[in-house]
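Notes follow the structure.
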């Protein structure tokens, strides 16, 4: 497993599996979102507090590579790194099956900040991530 | 099929099925909600307009009887009747498989009105349903 | 909080909330299902193993009372008791907000056993729950 | 709107929206999947028939660009084109709001064929799409 600035453990749920017996593709996107929200909570912030202050962080692009499927009731570790590229915050996220650390999903999630309806450079939230951005760049 | 004041046709989606190959139980609750929202739209109203006016219609109780499963890609007809019982609006809802009109789910959904945080008798929205309430009582 | 034979802690996810900012009603049914599956796992069994052996445990009826809403990112404790009534296994389930133990949802979930397509008295799985059934009856 | 070989109309559902009042990002992936399954049905085939014959068509990679959000109760047109690139079937998919044909989502979905657990060149299902592949190449 690579180095990550944040890891979050979860467990698949049977209702997230489809008729092929594996987790439906779209549910990984839920896992990735939960992980980002937990990461933001880990620095004392919240998407919805930002929303109430007029700052909306929105996904503009997502790339997901499916490497191996997860099955019902399996534990996994959802990991992320973060960098800034222009106006974008780019989350590099990977999901590993816990039992054998097999890489199941790798993803790149691009987010932008919209303040009162206008796209910004994202400086409004930069302070919360300064430590991590410095570590990586 | 019984008489209903509103019918709405839908089709199951493969991702709504679980590993047993049938629609997961919780998804019927989604179908029932969609049907109520479409019914309310059919009288020119909207849950979210009400929400913005401070009127929240909330489900207080739901009873669902599962009679027969739906499979992926099957069309069904979702039907409802409405009555008032005390402070409650009670939706009687049934879901029939379209191909043979087999009854799959019957449900009773109790809703109450909360206006600015206070439970009311629900008179705020009664006018929109007067026609249907008269027909049945 | 009442006495329960099984408790399972979870946390709501932001995507489970709807535009009213609270967990959508149908998602509680997911929480209840996850809790039953975890309970069954806690006695060393699995719905899907049973399915492969030809034993399908199916929900025939569910009654859910909504007492108070959960919001995004809230921790809760999902509890259950179990009894047999005729051919039915009846799960009494309650969901409490963790922070103040407020009761959010109480539910009654009726399950039946179908073996190779035929409704049975459910004796196939009784041994796994004997301890709990004795405790309560 | 560009030319597409298949279009499918749908309507967003209120429970698919999150607390920001717009459709949650992961649900677009559901819409894209439904559209591919309906397309396959339109040529008389089915993912699950293939699965039963030992042919699993699996998403290996997905790229989604989010252009504009959809809100609850909005109708949209989900469109797709298809090409083969090496062992991959690549679906180019776009989602347009129906009312003004605004582009909301554009996506590229890469699928591979796995037959009895072994990755193939995908020739097993090529015949069903020959017409469309010829039209485009």
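Going in written order, the chains are labelled A, B, C and D, and every chain counts its residues from 1.
Basically, a residue touches a chain if its C-beta (ideal position, glycine included) is under 8 Å from a C-beta of that chain, and two chains touch if they have at least 3 such contacts.
As the structure is a computational prediction, the values presented were derived from the model and not from experiment.
Asks: Centre-to-centre on C-alpha atoms, which chain is most distant from subunit B?
Replies: That would be chain A.
Asks: In terms of C-beta pairs in contact, which of A-B and A-D ranks higher?
Replies: A-D
Asks: Hey, how far is the Cα centre of subunit B from the one of subunit D, in Å?
Replies: For subunit B versus subunit D, the centre distance works out to 29 Å.
Asks: Between subunit A and subunit B, what's the gap in Å when you average each chain's C-alpha atoms?
Replies: Using C-alpha averages as centres, the distance is 35 Å.
Asks: Take the average of all CA coordinates in subunit A, do the same for subunit D, and state the distance between these two points in whole angstrom.
Replies: Computed value for the inter-centroid distance: 23 Å.
Asks: Can you list every residue of subunit D that touches 2 or more other chains, as numbers and ranges?
Replies: Those would be 14-15, 19-21, 24, 26, 30, 33, 48, 72.
Asks: Name, in rising order, each residue of subunit C that touches subunit D in their complex.
Replies: The contact residues of subunit C facing subunit D are 14-15, 17-21, 24, 26, 72.
Asks: Quick one: which bits of subunit B touch subunit D in the complex? Just the residue numbers, please.
Replies: Residues 13-15, 21, 30, 33-34, 37, 41, 46-48, 72-73 of subunit B touch subunit D in their complex.
Asks: Which residues of subunit C touch subunit B in their complex?
Replies: Per the touch definition, subunit C meets subunit B at residues 19-20, 24-27, 29-30, 33, 48, 51, 56, 58-66.
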